[in-house]
Amino acid sequence: MNKLKIINDPIYGLIRIPFPILYDLIQHPYFQRLRRIKQMGLSHLVYPGAVHSRFHHALGAMHLCWSALQSLRTKSIDISDQEAEACLIAILLHDIGHGPFSHALERKFLPVSHEEISLAFMEALNMEMTGRLDLAISMFIGEYERGFFHQLISSQLDMDRLDYLNRDSFYSGVVEGKIGYDRIITMLSVVKDELVVEEKAVFSVEKYLSSRHFMYWQVYLHRTSLAAEVILLLFVEEILAKADNALYSEPLRYFAGLSAKYAAEDHVSSEMLAQYARLDDIDIIHSLKVERESDDKMVSYLAGSLLDRQLFEVIFKNSSFSSDFVMERRQNIVSQGHFSESEAQKLVRIGLESKTFYNAKSSEIKILCKNGEVKNLSSFIDLPRQKDLNLHYFCAPKLEL
Amino acid sequence: MNKLKIINDPIYGLIRIPFPILYDLIQHPYFQRLRRIKQMGLSHLVYPGAVHSRFHHALGAMHLCWSALQSLRTKSIDISDQEAEACLIAILLHDIGHGPFSHALERKFLPVSHEEISLAFMEALNMEMTGRLDLAISMFIGEYERGFFHQLISSQLDMDRLDYLNRDSFYSGVVEGKIGYDRIITMLSVVKDELVVEEKAVFSVEKYLSSRHFMYWQVYLHRTSLAAEVILLLFVEEILAKADNALYSEPLRYFAGLSAKYAAEDHVSSEMLAQYARLDDIDIIHSLKVERESDDKMVSYLAGSLLDRQLFEVIFKNSSFSSDFVMERRQNIVSQGHFSESEAQKLVRIGLESKTFYNAKSSEIKILCKNGEVKNLSSFIDLPRQKDLNLHYFCAPKLEL
Amino acid sequence: MNKLKIINDPIYGLIRIPFPILYDLIQHPYFQRLRRIKQMGLSHLVYPGAVHSRFHHALGAMHLCWSALQSLRTKSIDISDQEAEACLIAILLHDIGHGPFSHALERKFLPVSHEEISLAFMEALNMEMTGRLDLAISMFIGEYERGFFHQLISSQLDMDRLDYLNRDSFYSGVVEGKIGYDRIITMLSVVKDELVVEEKAVFSVEKYLSSRHFMYWQVYLHRTSLAAEVILLLFVEEILAKADNALYSEPLRYFAGLSAKYAAEDHVSSEMLAQYARLDDIDIIHSLKVERESDDKMVSYLAGSLLDRQLFEVIFKNSSFSSDFVMERRQNIVSQGHFSESEAQKLVRIGLESKTFYNAKSSEIKILCKNGEVKNLSSFIDLPRQKDLNLHYFCAPKLEL
Amino acid sequence: MNKLKIINDPIYGLIRIPFPILYDLIQHPYFQRLRRIKQMGLSHLVYPGAVHSRFHHALGAMHLCWSALQSLRTKSIDISDQEAEACLIAILLHDIGHGPFSHALERKFLPVSHEEISLAFMEALNMEMTGRLDLAISMFIGEYERGFFHQLISSQLDMDRLDYLNRDSFYSGVVEGKIGYDRIITMLSVVKDELVVEEKAVFSVEKYLSSRHFMYWQVYLHRTSLAAEVILLLFVEEILAKADNALYSEPLRYFAGLSAKYAAEDHVSSEMLAQYARLDDIDIIHSLKVERESDDKMVSYLAGSLLDRQLFEVIFKNSSFSSDFVMERRQNIVSQGHFSESEAQKLVRIGLESKTFYNAKSSEIKILCKNGEVKNLSSFIDLPRQKDLNLHYFCAPKLEL
C-alpha cells in the first residue's frame, strides 16, 4: 500500500511500476542482486560513466515495454491486463540470470546461457508465488500463442535492445548511440499477433541498427575493454581451477569445478541456483583484491592489472594471427624473466569475436506498408553495414612490463 | 606519448587532461582505487542511477577547474603553467582520502577527516614524485599566497561543489539540481588574488545555492538513504568491534580497533596509509555478503537489510525525540522476540543531521560590482532559505519485521 | 483518419493528440496563426535560441495536461472522456487570444486582456462547431463545478506555467530554469474536486517557484529585452497614431484608433475578431521594415533600432527616478540635434515593472499531507524570495547616438 | 569595451566571441538580417520546433570552428591569431548570402548561388572595414595557401555541416541526427596544410555521414516540407511575375524581373546587394498574407495553403511519373471547377530531388593512420548508404479540395 511506485531515471524521467506483483519481484533478493552486477562489465575502464547496473536496465526495459503496450492499446490491439502484467514480468526478469560482469564471464560458472538461468530463476519465483508467473514464463520461452509479446521481450527489435542502447550510450557519454526509441515504439503495431513497425518508421529502424552497429565498434568491442575482459577471464579460470583459497567467498568456492558436476546432472539444480543467487561482481572484485597479494605471480599480476588498470595490448585483424607471431611474443615474455613458458602460453592469447548484427535469414523485423501488406525490413533497406563481424584479436602483456 | 588524454563524460562531453603529470596521477593505484568508491554512498538505493564513482567526480572537478583557469586567463589574470598544473593536481586529488561509501563512514576507520587523509596521500605521492606536488599541496592547504587557487579547490563556490551538484543531479535523474556552471565559471574573476564573481551572475549564484539546498533535502538527506546509512554504520561498528572474522579482508581486519592505536601515534603513519589505500566499497560489501549468513542474528539481519533493501523506518522532526518514544519502540522490538535488549538499544537510533548551507559569517562568496567594488554575496540577496539545518531523526526496524 | 496524430517536440519527445477534435482545432487558421507569434516576444535579441512560437507552447501545455489527467486517473479520480477532451481543448486554446509579440503589446490593439480575446475566439469556434466547446469554455472561465479542471488550465500551478518555464528555459539555453515537471505532475491529486499536490513533492514545488522567480530576473525582465520592448511599444504607438500608411497591412490599419471605437461597443465584435485573427508578428515586423526608410526621423530611428539591434540603455532601480534625472537626459538628446523636444519626451521613458510571484492571499497551491489533511503551501515553506517585485526602470537612447 | 562577448546557446551552453571584429560583424545590419531568415525554411510545418534562424547557426558554426582551431593548436599546429580571426570571420559570414527561406528559394531573386552572394557581402564589408577581411575572403574562396582553413569552412567535413546537423536535429527534436561533433573536432589534425581526421575517429565520421543521410530522408526531404516548398515556389514565381502589387515590400518589387536585368550585367551590383540586404522571410510572409485576400484565385489559394497549412499531396518514386498520370490529375483539378487548365498545369508538378551524400571522387575526407599515412575515408568504410539520391516527386492539390 505504501509501496514504492515511482523510480527516478535520468533517461526516461520517472519509471512507473504499474502492477503490484512487479513491485514484489523488484524487492526480491534475486532481483536486488542485479544492483551488484554492472550492465557493461568492464567498459567503465574506458568510459568511466558506464557503471550502471543490470538492475537499472531491467527497470528501463520494463518501462519501454509498458509504453509499447499502452501505445498498442491506442491502436485497438486487444491486450488484457493479465497479458500486460505477464509481459512486464517477463521483460523485468529477462536478464536475472546474468552473473558477475554480465557477458564477460557468461558460461564460466554454469555452462549454460544467461537466458537459461533467467528461466530457472523465473521458475523458482513462480513456485514461491504459486503459479502467478505461468503466463510470463510462457511468453518468455515463446510458447504463448500471441507471438508479439515474446517479440517485445526478445527479438531483433525488442525492448531490451532499445533500453540497453539508450542506457549504454547515455552512461558512457557516447552520444552517437542515441536512438529514436520513442518514435519506434509509437510506430509499433500488431498484425496477426506478430509485431510490425509502420512503414514511416523505416528510417528510425535503420538508424537504430546503425547505432547498434556503432556501439559495438566504438564501445562494446573497444580494444581496451577487450583487453580487460581477457585478463578477467584468465584470472577467473585460474581461481576456479585452484579454488582452494579460504578467503574466496563461499559461492565462488562452490562454483570451482562445478562445470564437471553440472555435466552429470545436466540441469540447474535448486542448490546450484541458490549458490548462483549469491554470486555477483563483488565476489570477483574481492578475489582480485585478495589475489593481488598472492604468491602466485601470474595470478597476482592479473589481479593488479585489472585493479590498477595496467591493461594488456590488443591488436585487431580481419584474418587470423600466425603462430609465429604468437610464439615470438611468448618468447619475449619468457625472456623477460617474469613468467614461465606455461604462463606465457596463457598470457598471450588470440581469439575471434563474432557477431551477427542483423539476421536477414529468419525472424526479420517486419514492416507494415501503407497498403496493409507486411514485408521484411530487408526488402526496404540495404543492410551491408550490418554484415557479420569476424574480428581476430591478439592480446598480450605489454612488453615494457 | 601514446597516453590517454581524453576521457568521455556524459555531462561535459569530453574531458581533456592538459598536463602529463595529471595522467600519471590518474594512473596511480591510489587514484584508480576511487573507481571502487561510490560518490553518493548508498543513495543509489533510492535513485538507482546514482552509482557513479569518486573517480569520475574527481575528473569532472578537474575539468571545471581547467575551464575556470582558461576563462580567468582570457581576463588577463596572470596564471603560469606551473600554477595551473598545481591547481589541477590539487583538485584532482582533493577527495583521494575518501574511504568506503564516502561520507557515510567518514572517520570510522581513521579518526580524521577525509581531507586530512587526502593530504597524507598527496604527501606520499609527492615523495614518490620527488617534490613535484609541492605547489599543489601548498594550494590545497591554503598556504600559497595567491588565495584564489585554494578557493577554486575549496570554498563556498569551488569547482568541487559545482561538479558534484552537476554530477549527482545528472546521475540521480533529479533535474532540479541542475546549475548554470558554465555561466558561473565564465563570470569568475580575481581581484587582489581573491576569487570573485561578476555582478551579473548573482542570480546564477543564488540559483546554485538553491539547487544545493534542494539536493540536500531531496537527495542527500532522503529518508531512505539515511535509513541505509544508519544500518551501514551499525553494521560497520559491529564488525570493527569483533573483527575476528578471517573472511574479512586484510585491511578491514587491520582497521578493527585502530582508532585506539591511532590515538597513541596521533598521525597517519605510512603503514596506516598503505592499509587504507587497500580499502574501498568492496571490502564492506563483501563483509555484508559474508555476514548475511552469520550466526550473529543482529549482524546477519543488518547485512540482509542492506543487501536486499529491506530498510528501516525513519521519522524526521524539528525537535528531539522523547526518550519515552524511543523506549517504547525498543520494547516493541524486544517483545517481538528476535532481538535482545542490548541489541534493541543499538537498533533503535536517534540522531541529528546538521548542515550550514551558507556561511555568511566568514569566507563569503564575493561579488564584483560593475563599479569595481567587491561586496559580500549576502549584501545582494536574502539568504533565508539557506538557514542552518537541524533535523532530528529516529531510525528503527519496521515493526512488521 | 489519416490525420496527423503525433508531433515531434525537442522537450517531450513526441506529443500525441488524443482526441480528433483537438486535431481539427489545431488545423484551424485561428490556431495556425499562433505559428507566427513568438512565445517570448523580443527575448531572442538576448537569447537567440528563444524563437519558439505560441503554437508550440500551446501543444506543450496540452501534452502536460494530458499527462496530468492520465496520472490522476491512475489514482482513481474519475474523469470522463468528455471532461478530458474539454480540458485539453481549453488548455490548447488558452493563449489563442495573444496578438503580435505576446505580452509586449498586450492591450494595444484591443483594450482587453489576451484571456478575454481567447474566450472570444473559443466562442467563435464553438459556433462553428455547433456547441462542442461548451464544456471547455465552462472550464476555461471557471464555471464548471469540478474546479480542478480550471486549476490545471489556470492557477498558480497550472500546466501553462509548467510548459512555458520548461520551454522558455530550454530554448533560451538558460538551464537554471529547468523544473521537475514530471515529478510534480505525478504528485498531483484531487481532493473535493480541488487540485492538490502530495506532500512529498513540496521541494519540487518550491523549486518550481524558485525557477520561475529566476526566469523573471534573468530572462523575462532582462535589461536588453525590456529596452527592446519599450522601443517596440513606442513604435507601435506611433504607427497606430498615424496609421495612414498604405503600406501597412490591412488589419494593422484597421486597429489604428480602434481603442476608441471599442470603448463605444464595449465588446469584441465579430468584425474585430476577424481582423484580429489576421494580425501577427509579421504585420509589425513588416511595418518596421517599411518605416526604417520613413521620412519621420523618430519612427525610422525606432524601426532601425529594433531591426539592427541598436537598443536603448536601461537602468533599473528600486525607487523611482527623479524628474531632474529624466529631464537632463531629454535635454541631452535634444542638444544632440537629432530629435525635437516632444520626440525626446517620448524617447526618454521611465516606468515600473510589477509582479506578484506568488499570491499567498488567495488561491494558494494546496498540499495534501500524509495524514490526508489539505494545507496551504505557505504553511510549509518560507516564501520570502517570492515577495512582490516592483522595479523602476529608466529607458532612453544611448548618448553616443 | 562593454561589448557583448558571450551568447547563450541551448546546444553548446555559451558561445564566446574571441575577436572584437567578430562582434562588429555580428552587429552589422547585414548580419542581424539573418535573424529574420529561418534556418530550415518551411520544415517547422512538420517539426514545430524547427524555427531557429541562420543567425544562430552562423554563431554555432563559428563556435565549433573556434573549438577546432584551439584543438589544433594543442597539437602544435601553428595558427597565428591573424589566421584564426580570418577563419572565424569567414565561417561567421559563410551563409550571409542566404535569402528568404534559405534553400527553398535559392536563385529565385538573383540567379546565383547563396555562396556567391555571401562573397559579395563579404567584399562590401571589406570595403567598409578597409581591407580587414582580405585574409578571410582568401580563405573563403580557397585561395589561401594553407588549405585546411578553407576545409574547416567548406568541405565534406566542415564546421558548417557539424553545426547544422547538431542544430537542426536539436530544434526539430529528431534525436537520431545527433552527432559526436566533440569527438570529431578533437580528432582533427593537419598534415601538409590539409585537414585530416585521426584514425580512431573513423566510426564517428561514419556515424556523422549516416546521421546526415538520415536527416535528409527524415527531415530535409520530408514529404510535407517538400509540398510546402513547392507551394512557396509556385507562389513566389507568380508574384515575381506580376509584381505590380503596391502592397509588396519595395525590395520584393525590385527583384521582380531582375533575373533578366542581372543577365545583362552578369554580376551582383552594389544596388542589387543593397536591395537584397533588405529582403528576408518577412517580405514573403507578408506577401502571403496580402495575397490571401487576392482576387487572383490561384495566388490566393496558394497563400492560404501555406498560411493555414493545408498542403498539397506528395508522392515519391524512384522512377519518373508518366505523363498520363500527371495529365489525369490536371484533368481532375480542372473538372472540379476551381482552376483553369493553365492553372492546373502549374499546380500539378513533377520534379526530381538529387543529392550526392558523399563525393568519393574528389576532395574526400582524409584519415590519418596510426602509422602516419594519410588515406581516403572510402578506403576505410563502405559507403553504400551514401549513394546518390535521385527521387522523383509528384506534387498536387489534394483532390478533396
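A, B, C and D label the chains in the order they appear, each numbered from 1.
Following the convention adopted for this analysis, contacts are C-beta pairs under 8 Å (C-beta built on N, C-alpha and C of every residue); 3 or more make two chains touch, one makes a residue touch a chain.
All values reported here derive from a predicted model rather than from experimental measurement.
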item	value
Comparison of C-D and A-C (more C-beta pairs in contact)	C-D
Identity of the chain that, by mean CA position, is farthest from subunit C	A
Whole-Å separation of chain centres (CA-atom averages), subunit A against subunit C	49
Interchain centroid distance [CA atoms averaged], subunit C/subunit D, Å	32
Set of subunit D residues in contact with two or more other chains	13, 174
Residues of subunit C defined as touching subunit B within the complex	174-176, 178-180, 203-204, 206-207, 210-211, 214, 217-218, 382, 384-385
Partner subunit A, residues of subunit C touching it in the complex	6, 13-14, 16, 182-183, 186
Subunit A-facing residues of subunit B, complex	7-11, 13, 27, 29, 32, 35-36, 44, 46-49, 51-53, 55-56, 59, 170-174, 246-247, 249-250, 278, 282-283, 285-286, 289-290, 293, 307-310
